[in-house]
Amino acid sequence: MPYVNIRIAGTLSREQKKQIAQEITDTLERVAHKPKSYTYIAFDELPHESWAIAGTLLGDED
Amino acid sequence: MPYVNIRIAGTLSREQKKQIAQEITDTLERVAHKPKSYTYIAFDELPHESWAIAGTLLGDED
Amino acid sequence: MPYVNIRIAGTLSREQKKQIAQEITDTLERVAHKPKSYTYIAFDELPHESWAIAGTLLGDED
Amino acid sequence: MPYVNIRIAGTLSREQKKQIAQEITDTLERVAHKPKSYTYIAFDELPHESWAIAGTLLGDED
Amino acid sequence: MPYVNIRIAGTLSREQKKQIAQEITDTLERVAHKPKSYTYIAFDELPHESWAIAGTLLGDED
Amino acid sequence: MPYVNIRIAGTLSREQKKQIAQEITDTLERVAHKPKSYTYIAFDELPHESWAIAGTLLGDED
């Protein structure tokens, strides 16, 4: 551990995931003293129509 | 918050997700006093073969 | 399945959980044709200081 | 319950999922006295590029 | 990875968690060829009143 | 969305959670263009004995 799960609607590029994983892993090392090698990060990219806010599905198209 | 994650085997139509999201968001507002705008609902639709009950995968086909 | 996970900051009374579980299970039966006996609902009640929106922890007190 | 969520990068064959589901369900019955019929197991197979260890995405290819 | 999340209502003894963790880690190595050192297992023990099956909370007492 | 779930064994101080939430929310805005107000972050702090790596529970004490 830590295990971090990032869930978004839509997609992220490989480059974005790389940058986000790097920064979060750095944050957890610097702030919470978790050795980098222990941090797992899993991204879930959901279709817009699988995410609702305020009772309404995101996007009317995909 | 709240964050609600609904996980099923198989798929739901857009219409079904819409209806479910609406009703759950209503329930959380009415019963738990959570303003609708705060409720996130994320649907995960898994292949049948990725779900086991009683040690047996669902469906022998997809 | 379905498996539904409801995560909130703060607590719900037993009565509220009961009502919410009942309504969501009804919704999934009526809209998604999932037999009631298959629906699992798990509530997670997190301390306010374990939930952040917009980069700010909820509540300055617990 | 129990609800077990297994998340991996890459894929598992149907045969592997079957075997894993069977063994985990057995373990939970034998060790934790959970009747088999109550155990749900959900597998999530993520693309390698959606999983980071130590701040680095797994695999440079998929 | 893998990351395995086991969610139950009620509690497990330390001895039970130990045994379950060992067996699941073995299974994932033997069946899915995941090196033991990569497998994370997280147990969540929920109060009975936070788990509903068929729209009814488990246990009327805790 | 996004919804971020950070799971660790042990505890974090309020100050650590605050700092981590702030930095991750910043990262997701800067890198993934997600407006800060949409980002939810939920921390789960598990007892050491509820987390296993390589088939062994963390800590022999709590």
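Worth a mention:
Going in written order, the chains are labelled A, B, C, D, E and F, and every chain counts its residues from 1.
Here is the rule we use: a contact is a pair of C-beta atoms (placed from the backbone, for glycine too) under 8 Å apart; a residue touches a chain by one contact, two chains touch by 3 or more.
No experiment lies behind these values; they were computed from the predicted model shown.
Repeating the A-F interface, with the same residue numbers in over half of the contact pairs, is the pair D-E out of A-D, C-E or D-E.
Note: centroid distance subunit C to subunit D, computed from Cα atoms, is 24 Å.
Subunit C and subunit F have Cα centroids separated by 20 Å.
Along subunit D, residues 1, 3, 7, 24, 40, 42, 44, 51, 53 each make contact with two or more other chains.
Applying the touch definition to all chain combinations yields A-B, A-D, A-E, A-F, B-C, B-D, B-F, C-D, C-E, C-F, D-E, E-F.
Contact residues on subunit D toward subunit A in their complex (touch as defined above): 7, 44, 46, 49-57. Taken together, the subunit D residues at the contact with subunit C in this complex read 1, 3, 40, 42. Against subunit F, the residues of subunit A that register as touching in their complex are 1-9, 12, 16, 19-20, 23-24, 27-28, 31-32, 34, 51, 53, 58. Interface residues of subunit F facing subunit C in the complex, by the touch rule stated above, are 14, 17-18, 21-22, 24-26, 36-45.
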